[in-house]
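Provided herewith is a single structure, encoded as structure tokens, for subsequent inquiry.
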Amino acid sequence: MRINRRQFFRTTTGALGFASMPMLLKSAGIAAEEPIRIANILDKTGGLNIYSLKQIKAIALAVDELNKAGGLLGRPIELVFYDSQSNNQLNSQYMAQALVKDKAAAVFAGVTSSSREVMRPVVRKFRGLFFYNSMYEGGVCDRRHVCIAQVPAQQLSPLVPRVVKTYGKKCYILGADYIYPHTTAKWIQKYTREAGGEDIGVEFFPLDVSNFAPALARIQAAKPDVVWSILVGSAHNAFYRQYESTIGKAKTPLASCMFGIGREQTYLSAQEAAGIMNATPFHDELPSEKAQEFVRKFKEYSGEQDYVGDYAEYGYRGVNIWANAVKKAGDPSPDAVIAALDGVQFEAPGGLVTVDGQTNHAVMDIHLVKTNDKQGWDHLETFKQLQPSDTQAVCDLRKNPDDNQQYTLSL
Amino acid sequence: MGGAMPESEILIETMDLTKRFGGVTAIDGVSLQIRRGELRCLIGPNGAGKSTFFKMLTAQQKPSSGRILLAGTDITDWQAHRVSGAGVGIKNQVPDVFDNLTARENVWLAASYFRKTARPKVLVDDALNSLGITALAGRRVGELAHGQRQWVELAMVLARDPSVVLLDEPTAGMSDEETAKTAELILELNKSRTIVVVEHDMQFIRKIAKMVTVFHQGKILAEDTMANIQKNRMVRDVYLGRSAAA
Amino acid sequence: MRLISAEDCEAPVPLWWALVAVAAVIGFALPSFVGLDVVMSTSIIFVYAILTLSMSYLWGYCGMLSFGQTAMYGVGGYAYAVIALNSGNTTIAVFAAVFLGCLFALVIGYFMIYGRISKIYFTVITLVITVVLEKAVRATSDERFTIGSVPLRGQNGISNVPDLQFPWDPSQTLFLDGVYYVALAALLAVFIGLRLLLTTHFGRVLMGIRDNERRSELLGYDTRKYQLGAFVLCGGIAALAGVLYGVWGNFVAPEMMNLNSAANIVIYAIVGGRSTLAGPIAGTAIIQYLTSWLGTAGVGQVTVILGTVLIVFVMLFPRGILPTLGDVIAQVWRFALAGRDRAKLPGARKTSDGWRNA
Amino acid sequence: MVGSVIVLYQILFAVSLFILISLGLAIIFGMMRVINLAQGEFIMLGAYACLIFTRLEINFWLAALLSGLVVGLFGIIVERCLIRFLYGRIMDTLLATWGLSLLMIGLVTTIFGPQEAGVEVSLGKLDVGEFSVSIYNLVLIAAAMGLLALTYALWRYTKVGLVVRGTMQNPDMAAALGVNTDRCYMLTFGFGSAITGLGGALIAPLVGNQPTMGAFYVAKAFITVISGGAAPLTGTLLASGVFGSVDGVISYASTQVVGEISVLLVAIVLLRLLPTGITGRLGGGV
């Protein structure tokens, strides 16, 4: 197997210097030590890989840096990769393999809520530690599960009022037909009403819909001031193009809390993508030292010059949060790390990230952005240290650490 | 079933039976009566509608109009399996067997219809013996010769112990002695069963026929004893001229 | 190894029983030699094998290619999840789920079989049914779609499906190895059951119908009744597989019923050899193992390899692994016995193809 | 008034999409009875070919035609290396083409990555009352109809078409009449692939390019062709008409899920009433 993993690194991270390679481990003076093994289960193949490919490399990059810097507790870190092929059944098989065969100290896995919910029971059965580096609907209350990306409250509390203020009161919401967009839609409605606006239409589309003509006609009939998109995935990307060629952002502007995380703007023409407002914990144009350094390092490491995006940054911050927790605990074993997680911090490219021990979610900065005509983002404003308040409202791991369910967030 | 029966009783009766395929009328208002215990031959040139007639009797095809009565009950709208259940067995023109099963399995499938009453195995052995094909029992029917497959099909029909046996060209593709054997068999069967035969081979028909019905263009052209039929000029014109070729 | 031959109809020979026994022993011994992760990925193979059998029996021995066994599979899985979560008793849930699977098969089967639709449309319509079902379930993300206390959660599927309880003591639940034994036992039961079914009157009549439907009717058999019977039976088996899937991953989701899963089942059967009962199991194991191994092998795009394998397969072993192996053995055998035992000749494959009779 | 115009537009557009994705299959499956599960990937290939050509600064319409040619050639290669050995072995064809589709998805992902900026064609929009309609969608409707008409004419009125139809119905007889049936099959498959590729190229500007896009279309295409029945082209037109109208109206009036599901249900009912497809009764024809 080990050989195969090496092959994987070559195929994924290109023929780049890779610290887990023997000679580099020597140079770091930790070759002899028993490695700490961690696993990464993501979709390299299949429809979901538009969200995964960058994160896979970002995680490898993070491990690299840690090894170069002498590893953890003087031990090298070994990364095992599994390609879950956009197939939930494999997610649960690989999670078991990672925890049982590889004895992974931590597993970084999953981009979809369904894959996360498939893996959590396995993690519980084998007493592992599971980092879910993806934005989602919130509400998971499980000490073996850590989410370092944003939940709706963090992203939407700054975004929605700004959208109502800039674009107008009447909004029309389009979403992909699964739990995350359904939940998010409710938050958008809530915040819109609180900001004195109204929602005049909500619609959901199966992930394989790529013809939006009927919806566009309905939108035109409803005449909203702004259209929200919580559309997800490669098929739905067609919406932005069809919207531009039918209604046009000039006539009715677009706002979105999803656009960009699949690096959508790079798959559209500049003019089709320009002018969509969003809020995100990270984007390539973020005007900060750390951010620009990360973008530079990632491009150099992956040998890819295109847009990096927030999902790469989630992977990077996830590994480092875990590493800091290991240092704090002085022991890589899952239970020790879980005990140490509360309050662990990392100065991430997107800003300071702190683990909230009550929910195992993260306190983070959120940046208000708008796509520019160069397939990138214009930075509008940064909101400092926002709490995962929606999940905090339903979950308290400090009180009942054995809780392990996902709550549906009551608004 | 079987045994001696009153000659008078009408077993099969069709009333103004008609079958159209699109524009073509294959069977055109045929009314025919067959008495219990009869051995009836249906003759007529190809395309006269004999096989179609058989298919309708066994509900393989639904009539366009007209009725079919079996022992006085209207079976026109019955499903094929129900007609068969009522004791009508048919051997179709082309051997109609289970090519992937062995001869024994073929006959077994037929016999085991009675698994509740009789013991299939006995029926199977009888059927195979009575046709002298016990030797073929283990062979896959698909591998057998045309004639042999006909025997297997006959065995299946018999194993179902029908009261009426419809035979569509039973001697097609058979050697002379096979044909002779078939003739005997039919006469033997006729002792306990009503039999209707469609044939081209006139020698064969002369051997077995009592009453003969002549089909022509979907209608009944004549119905009489073999002797009279052979005298019948009309029949000669439309049919017997052709029989030399057959 | 032939699609159907004398020995296929007779009761299985002692050698067959011996082989099955050996397989069973190995199966039951495995967990004591490998890690739980292997146990886990082996049990899922058993689950798929059961599903594949429910499809390949219909196809190979009844001439009905059902592309939609995944529909009953999904019904079974969801029924188990919903009932178990509501009632808290998984034993009841299992039986109820299998029953509902049969019921569902009965309803759709009645319309298709008593409607006397041709073979190819039977295949197409079963496919459409499973896709419709999948789309329908995917559209249930809204809380409105809640059965009892269980929201269906659409695309996301139902997670936290309860572990299987001991029927006599609901407080005890099965861990992964327990699930493995259950799945293995179920697979053996289904495999042996179907094999014995071939020897019964019901089984033989079905083979007759596959070979020659008209003749079967002329022999007095109501073919529709038999076909519906088989379809319902296999519907139940598929539902059982669905239940086990739910138990295996504590999870059921619409993807159980999508086009991919449906096609995969057919592929497992073809690769293993649809004309046998053991073949589909082998096919399932091979492809499943290949898929999950490739995911760890770091070979770039897994689908490239998988696709190539499938293509090569059709070209080299068109009849599937087991029949091809069987031929080789048969050849050697015949060589040894100098031309005896001609019945072992291959060549029944053509009629195994439901589509050809369409 | 405006409302009805929009509804009509929705219907025509939906119908055209059905035609574009299933016309090629009407030839490959409808006529040749080859179950090509890689059909969706042929569409995908057309879309990518078109993308490459437009990247080379080739005018879109020319690019679309070239893509058709490219996919046509690809189809011929596939026929020579694969399908040719599998005629009459329907299930094997199914397995092989499924493998082919996986292979194509994998290769395209390896080369182009998970997603590509789709081909961009901005023809602007047309205002109908307070509604506006993408002009490209209108062009697409015209293109679909034109493509169908052309194919029909070629099949129905030309000598080539006659020969091909004859061959598909009775290869032996055709061979006896001196037709090179082998080449005939090859070219027909190629032609079917070309039409498919062209369809893919034409919908690319609408739906963008993803290696997995084929999966969205293959089932729809098969259901359309099968529901069409014995006369592939006429059938495909009629089936597309029925499904398109159902889809267009219901998706507009209700939601798209309901639209899609009702299409499939309509297909089931259709096949229940006409087990041999819409044109089954005609028993053949084009």
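We call the chains A, B, C and D, going by the order they appear; numbering starts again at 1 in every chain.
Going forward, a residue touches a chain if its C-beta (ideal position, glycine included) is under 8 Å from a C-beta of that chain, and two chains touch if they have at least 3 such contacts.
Since the structure is predicted, the reported quantities are computational estimates derived from the model, not experimental observations.
Chemist: When every step has to jump to a touching chain, what is the lowest number of steps that links chain A to chain B?
Modeler: Counted as steps through touching chains, the separation is 2.
Chemist: What is the chain whose Cα centroid lies farthest from the Cα centroid of chain C?
Modeler: Centre of mass proxy via C-alpha means gives B as farthest from chain C.
Chemist: Between A-C and B-C, flag the pair that has more C-beta pairs in contact.
Modeler: A-C
Chemist: What is the identifier of the chain with the smallest separation between its Cα mean and the overall Cα mean?
Modeler: Answer for the innermost chain: C.
Chemist: What's the distance between the Cα centroids of chain A and chain C, rounded to whole Å?
Modeler: Going by mean C-alpha positions, chain A sits 38 Å from chain C.
Chemist: So how far apart, in whole Å, are chain B and chain D when each is placed at the average of its C-alpha atoms?
Modeler: Chain centres of chain B and chain D, defined by C-alpha means, are spaced 51 Å apart.
Chemist: Compute the distance, rounded to whole Å, between the mean C-alpha positions of chain B and chain C.
Modeler: From the centre of chain B to the centre of chain C is 43 Å.
Chemist: Based only on mean CA positions, could you tell me how far chain C sits from chain D in angstrom?
Modeler: Here the centre of chain D sits 32 Å away from the centre of chain C.
Chemist: Can you list every residue of chain B that touches 2 or more other chains, as numbers and ranges?
Modeler: Residues of chain B never touch two or more of the other chains.
Chemist: Among all residues of chain A, which ones touch two or more of the remaining chains?
Modeler: In chain A, residues 45, 177, 204, 206 touch at least two other chains, as defined above.
Chemist: Name the residues of chain D that each touch 2 or more other chains.
Modeler: 106, 109, 215, 257, 260
Chemist: Pairwise, which chains touch?
Modeler: Final set of chain pairs in contact is A-C, A-D, B-C, C-D.
Chemist: In the complex formed with chain C, which residues of chain A make contact?
Modeler: It comes out as residues 1, 4-12, 44-45, 81-85, 87-90, 92-94, 96-97, 99-101, 113-114, 117-118, 120-121, 125-126, 176-179, 182, 204, 206-207, 405-406, 408.
Chemist: Quick one: in the complex, what on chain D touches chain A?
Modeler: Where chain D meets chain A, its residues are 6, 9-10, 13-14, 17, 106, 109, 113-118, 120, 122-125, 130-137, 205-208, 210, 212-213, 215-216, 248, 251-252, 255-257, 259-260.
Chemist: Using the touch definition up top, name the residues of chain C that touch chain A in the complex.
Modeler: Against chain A, chain C makes touches at 35-38, 40-41, 44, 135, 138-139, 141-143, 151, 153-157, 159-160, 175-176, 249-251, 253, 255, 291-292, 294-303.
Chemist: Okay, in this complex, where on chain B does chain C touch?
Modeler: 58, 60, 79-82, 84-85, 89-90, 92, 96-102, 104-105, 108-110, 112-113, 115, 138, 140, 142, 156, 160
Chemist: So in the complex, the part of chain C that touches chain D is made up of which residues?
Modeler: Interface residues on the chain C side: 65, 111, 115-118, 120-121, 124-125, 127-129, 131-132, 135-136, 138-139, 259-260, 263, 266-267, 270-271, 274, 300-311, 313-315, 318, 353, 355-356.
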